[in-house]
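Here the structure is laid out as structure tokens; the discussion comes afterwards.
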Amino acid sequence: MDTFLQQLVNGVTLGSVYAIVALGYTMVYGIIQLINFAHGEVVMLGAMVAYSVIVALAGAGGALPPLAILAIATLTAIPVCMVVGYLLERVAYRPLRRAPRLAPLITAIGLSIVLQNIALIIWTRNPLPYPQVIATVPYRLTATPDGATITNVQIGIIGLSIVMMAGLLLLVYRTRFGVAMRAVAQNPQVAGLMGIDINRIISATFALGAALAAVAGVMDASYYGVAHYQMGFLLGLKAFSAAVLGGIGNLAGAMLGGLLMGMIEALGAGYVGELTNLCHLSGWSDALAQRCVNDPHLELFGSNYQDVFAFVVLILVLVFRPSGLLGERVSDRA
Amino acid sequence: GKEEPKQAAAPRTETAAAAPAAAPAAETITVKIGSAGPLTGEIAHLGKDNDNGVRLAIDQANEKKIKLGGKTVTFEVLSEDDQADPKLGPTIAQKLADAKAAGVVGHLNSGVTIPASAVYNQAGIPMISGSATNPKLTEQGFKDIFRIVGRDDQQGPAVAQYLESMKIKKVAIADDATAYGEGLANEVEKTLKAAGVNVVAREKTNDKATDFKAILTKIKGRNPDAVFYGGMDATGGPMLKQARELGIKAVFSFGDGACTDTMKKLAGDKNAEGFICSQAGLPVVAASKGFLDAYKAKYKVDPIIYAPFTYDAANLLIAAMQKADSPDPAKYLPDLQKISYDGATGHIEFDDKGDRKLAEITIFTMKDGKLDPIAVVKGGKSVAFADFMKAADAGTPSASTTAPAKADEAKK
Amino acid sequence: MTGILLALRNVAISYGGIRAVKGIDLEVARGELVCLIGTNGAGKTTTLKGICGLLPLTTGTIEYDGADVTGRPAFELVRKGLALVPEGRGMFGALTIDENLTMGAYARRDRPVIAQDVERVFALFPRLKERRKQTAGTLSGGEQQMLAIARAMMSRPRMLLLDEPSMGLAPLMVQKVFETILDVAQEGVTILLVEQNAKLALDVADRGYVMESGEVTLAGKASSLLHDPKVRAAYLGEAA
Amino acid sequence: MNHSAPGMKTSVAAPLAQPLPGVRRPATAWIGIVLLAVALAVLPFVLTGIGTAWVRITNLAILYCFLALGLNIVVGFAGLLDLGYIAFYGVGAYTYALLASPHFGLHLPFWIILPIGALIACLFGVLLGAPTLKLRGDYLAIVTLGFGEIVRIFLNNLSRPFNLTNGAQGITLIDPFRIDGFTFGKPHTIGSLVVSTPVNYYYFLLIVLVAVIVLNLRLQNSRVGRAWEAIREDEIAARAMGINTRNMKLLAFAMGASFGGIAGGMFSAMQQFISPESFVLVESIMVLSMVVLGGMGNVFGVIVGALLLSYVPEVLRYTVGPAQMALFGRTLIDPEVIRMLMFGLALVLMMLFRPAGILPSAVRKREFETARRPGNGQGTP
Amino acid sequence: MTGEVRPVLLDAQGITKRFGGVHALSDVDFQIRRGEIYGLIGPNGAGKTSLFNVLTGIYPADGGRFVFDDRPLIGLKPNEVAEHGVARTFQNIRLFANLSALENVMIGRHVRTRAGVFGAILRDRRTMDEERAIEKDAYELLAFVGVHRRANDLAKHLAYGDQRRLEIARALATEPKLLALDEPAAGMNATETAGLKSLLEQIRARGVTILLIEHDMKLVMSVCDRVLVLDYGKKIAEGPAAEVQRNEKVIAAYLGGGVELAVRRRTSPEVRSAVQ
């Protein structure tokens, strides 16, 4: 049971990161129906910029308290990423707003390659050990001596994610900017007729998503301890899947999807093997029982199928709820 | 493009030069050595490292003004990026064949090396890989394909034997689901099981992962005494770090892909302390201080993993050419097959298949922030490093293949 | 300050190569209700879109409230009190009726008055009040048309451009909509009305323009257009 | 009243406005085709002159043409965004590898395996299509992406507990194509002409490519092709017109998948070694980029896209390093990094300047451009 | 025409459709006879379009059944309904916007033609003959509705009225027994509507039964044999057009007191003076 609790903690932490990244995808998708394939790269840039700042500050005597270093690093990464996000939209997506749907998808892929290679030039191709400015302190969750723990870093990540998500929800559902965002998402031309400056709203949405991505990048890298110029790709992909799982274009959906994705991955890796252990069936066949004496973990699907598990859940959800968990069923009036 | 005439021209001069009586003695010839590996993509840092190894060897050879057939040779490195993409393997091989490379060092991964090897074989160009560990590479029956790194089924058992010698009861095994990582882990698993060690978990992640908490938590639940991970330092380091964070106290062990200083940086000094890893051949630090210094002097960084092997591979090609007194593959190939050479990674001889003969495998541990050799495994036996060195000093046959001079360096 | 609120001078608009509007002049005085009629494809919608800054002009200028607003983006004009009820209604499909109305008032900042205005449009269109939490995308065609007009009124425009407001409305509803238009006009809002129901349009309007193939072919008092034999033949379904 | 059968008989007898499809080609077109054929026939020898590597690159490019054409059926014709297309390629490749290698000791001839591979891939296509038919747009994209990953992960892991695919180690010593003792895997000498292995395959690939192109063109201009177009434009209206959208979408998936399967088989034979590394997501993305960049829905556009994206990186490989040397006298940045940078930038720029693709299909072009000849009739009835 | 009772083509019994709490259709019964033009009117949101959607299989019904040409329709998919001989147009035009007018109509022929993948690839004689027939039929239909001069123009570039007619041609291409038109006159002026009227009559003359949703009373009154009136999803009246027009309930719910009168009454003195 302790293992289960630990997996849950792992899953929620990872899920929080996914959720924050997924929000960026979902906002951009919601507003201009674009899968911003380069979003993962913005996450990576966030981690990298913060890395340089941390290294510089920590190297410069270390007079600053660790939390301050981390804060300064993140606060530097955020505007850099916002500018990158803004530029992405301005240079590569805006001119294609009326183009066939897949054209911006390809520019997004192109930009993703470009950003990766720029990062490669700046930060080398080696995996960078992410400075651990904050010493990890585990807190025990149960009475068992060697049981499940939650670390201060995990608590920080989960807490910060919740704060950011709440802030975003407030922004989108309680402010004029938020309403305008949703209106542009629905029908940009008419939104213009309501007095909304569409371009500004779209740019702002990109910048906002990029700011979240920057924070997510720092969280991810400092949690797992590495940053790499290609770290954004897989993370982005997972987060994008999470956004779809929750219902793309839907903020609450992205959060739910992110959390679920994190937990599915953790629990999937942790338990699929156990569930598909052929040795549970040794009663049925002697040959099997024989093999199981030597090898009690004759797992049909082990942690190697972790991603399969995640995608199967995704596909099942979409088969039964074609617009994702919380996606509005935009009924197509005939 | 513009380069075509140049490329077409280059081999011509070379072939002319290779013809014995054609030129006066003062003439120099250019011999091209291919260096193939991923220079872009996920594991480009390793590819670059390999390339650096080759370049170092070639630079040194050029300084020596080697003569072949009476002519001074300028060696030239043709670096090709295979992007670690199996599909590109044959294309790159063909490019090197077209450019009339006299020999090739590469590629990095088995997945690329295997399809490429067929092309080298057809073109009759000797190829030596310093890092492709998949046994299949040399099982294809190609006479001109060699490797100087331990095969998975040599290295894997070695680590396993060492673990076994530590009297470990329960082991968890993980790999990165690549040909390298999986192959190695499979061999470790096989050997351990045969020795009656309980393998309590067999997990997989992937070579791009950063999150290992899920499988580590599962492993923790099984309470192993040791964990073996088949994979590279880029994933091995973070894994080690996360394991310690989760409170896993088991001994961590790795293959050569994670037998690097990078581990210390990625895992954190404290976490890295005490992990075990293996490397084919005799310890880098010991056997070839010369190589290490030269590498550091030239590139301002430490070699990552396989650079000493590719360095040796390039030197092997040159040595064979010198023996045959010709850069013509057909001429020097027999000499390459029969070669006996002391390199940065120890003594090298090839068996019939083109694999390194009876390679020693050294076990290291991270001690006080440094990779320390603790044992040498050879022919299925693990000998403590100090004992091995003593034996080498005494000139006991068990270490006869090691050049004493190198062992001396190691002692100090 | 002149009495003219909106003036188009030699306005031409094309879609790529096709000239949909070929250099027209059109004026609307403050407080006036002007209608623009014409066959399908005459360029009426194109003209309205051009005025609102949704389409770029190839030539010509547009003056609104004494200022040259040629080439200004739509949102700026809305902030100056120009509102368009677009053809095809332009719903925010996934937003509720309430939210659509809020969007209409986006350019305004007087919250309490906005709430009052919501009640005012609900009084005009009780049907909308019944469905206020329903998403606009699922409303019937007529309901959407009502919402579009209501939403435009939420911006408290000084000038309202209506593109075929009666399209798809039941007779009773058409009646209501036109009553509303007159009410709005009476409040002092200037109106430019594009309408297929020429009879009705000319009935309520002060002046009218007739467009054909991108050109204004007739203009004058609504009453005189109503009796023009060419108009009667082409738009009122009467034999010439 | 007279109940005549509701039908097409109408009193309005109008002359047809344009010639019917399937028109005869003029003589000049035939000459062009013959010239092109000759050019393609001698191409490998010209390329060998530059370097045999170029023949191999060309072979891979043709293989990508197959893939892009197959994906074009799904994405370009039927409008279904598929990000996991490479899975079918993988299925085809593994089918070939398992049936013609020492792995299971089977050595079936290729003309039997290729159809089997196509069939199995086709089955996978239906398997993927069936549960996802209701999904639209980007939801479909992510599901197909997931499917592609699932297939790859299975290929990578089906080595235990029972060894089906040999896992990440891949399958070695795959048989090359063989016809009656003639093997594609070895050079042959005809008179004084040496026909190398890649050249052998080149001709085979070229013939298949021509067949595939004809097939695509014919499909596009057919009742089936129109039904796909209708679905892409407006699914609800298409259904109301009596088009069985479910079957037509499945058909698109199945056909696209079969193409992928055949291409996979050929890849296996050419490489003689395959491992799951060749069937990763990035490959799917690459093929999609070829389709979109070339001009979705236009068979020739797609081919241009495939050739371009296959050759550009190779050309850059040959030029970037030397160019840098010429400009700065030394290598400032790794040529490979610059190559990737330029490749990424090229994708962006080409899309910015030709958003509908390099050779847009008639329909896609219309979608984007607002320009049009004015029609002559807007009359009332 | 009036005296003779024609056989029933479509028999609808107890049709019910709900959207959440909204009862779009409650227990609607009606019958359409062969060869007639049957009107469907009612206030906005009465459920007319919903009835079309249920009939053509786009929405599943929550209750009731349709018997069409002696075969039950309920539960069929839209394409199956089309195969049975029901074609429709859409209130918000749904043409294949980026295809030419001709291609739009050719797609309409899909359900009455057979060629499959193999035919397409092999191009056998039968397929080619069929292709030619499809194109010829499609062009004739375009001519029939009067948009043949724009056969090669994109649907989205056609003027609104032409688009409406093109939609009708596309629907006719499926050789329907029943043609369901959703507000075909919307956006047309009186003169254009008169043209539409004659088109409807020509279609009827070809033996196609028509179900017509329209708000243009002049058109409804002049072409419809019988009219069904819906209000809030319920049937409030049915019968010959003239009769329905006088029905009190229909006047109260739908027709009102005549547009012009009401407008005049409300017109302000200033405006009135300006108008006169």
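In order of appearance the chains are A, B, C, D and E, and numbering begins at 1 in each one.
Quick note on the criterion: a residue touches a chain if its C-beta (ideal position, glycine included) is under 8 Å from a C-beta of that chain, and two chains touch if they have at least 3 such contacts.
Note that the coordinates shown come from a computational prediction; the quantities given were computed from them, not determined experimentally.
Engineer: Looking at the contacts, which chains touch chain A and chain B alike?
Structural biologist: For chain A paired with chain B, the chains in contact with each are D, in label order.
Engineer: What chain lies farthest away from chain D once each centre is taken as the mean of the Cα atoms?
Structural biologist: C
Engineer: Tell me the chain pair with the top count of C-beta pairs in contact.
Structural biologist: Looking across every pairing, the one with the most contacts is D-E.
Engineer: What is the distance, in whole Å, between the centres of chain C and chain D, each centre taken as the mean of its C-alpha atoms?
Structural biologist: Comparing mean C-alpha positions, chain D is 50 Å from chain C.
Engineer: Report the inter-centroid distance (CA atoms only) between chain D and chain E in whole Å.
Structural biologist: Averaging C-alpha atoms per chain gives centres 42 Å apart.
Engineer: Would you mind pulling out the distance in Å between where the CA atoms of chain C average out and where those of chain E do?
Structural biologist: Spacing between the chain centres: roughly 28 Å.
Engineer: I'd like the Å distance between the centres of chain B and chain C, where a centre is the mean of that chain's Cα atoms.
Structural biologist: The mean C-alpha positions of chain B and chain C differ by 77 Å.
Engineer: Which chain C residues reach two or more other chains?
Structural biologist: If we look for residues of chain C contacting two or more partner chains, we find 18, 39-41, 138.
Engineer: Check each residue of chain E and list the ones that touch at least two other chains.
Structural biologist: Chain E, residues with two or more chain partners: 49, 56, 58, 90, 92, 94, 157-159, 161-162, 191-192.
Engineer: In chain B, which residues are in touch with two or more of the other chains?
Structural biologist: 44, 48, 177, 204
Engineer: Enumerate the contact residues on chain C facing chain E in the complex.
Structural biologist: 18, 33, 37, 39-41, 88, 127, 134, 138-143, 145-146, 164, 167-175, 178-179, 182-183, 185-186, 196-200, 203-206, 221-223, 233-238
Engineer: State the interface residues of chain B toward chain D in the complex, per the touch definition above.
Structural biologist: 1-4, 7-8, 39-40, 44, 48, 81, 84-87, 89-92, 94-95, 97-99, 110-111, 114-115, 118, 122, 134, 136, 139-140, 177-179, 181-183, 204
Engineer: In their complex, what parts of chain A are in touch with chain B?
Structural biologist: Residues in contact with chain B: 2-3, 6-7, 10-11, 13-14, 120, 124-127, 129, 132, 136, 138, 146, 149, 151, 220, 224-226, 228, 230-231, 233-235, 265-270, 273, 294-295, 297, 299, 302-304, 306-307.
Engineer: Sort out for me which residues of chain D touch chain A in the complex.
Structural biologist: On the chain D side, the touching residues are 75, 81, 131-132, 134-139, 141-143, 145-147, 149-150, 153-154, 156-157, 161, 236, 240, 281, 285, 288-289, 292-293, 296, 333, 337, 340-341, 343-348, 351-352, 355-356, 364, 367-368.
Engineer: So in the complex, the part of chain E that touches chain C is made up of which residues?
Structural biologist: 19, 22, 41-46, 49, 91-92, 157-162, 183, 186-194, 215, 217-218, 253-257, 259-260, 262-264, 266-268, 271, 274-276
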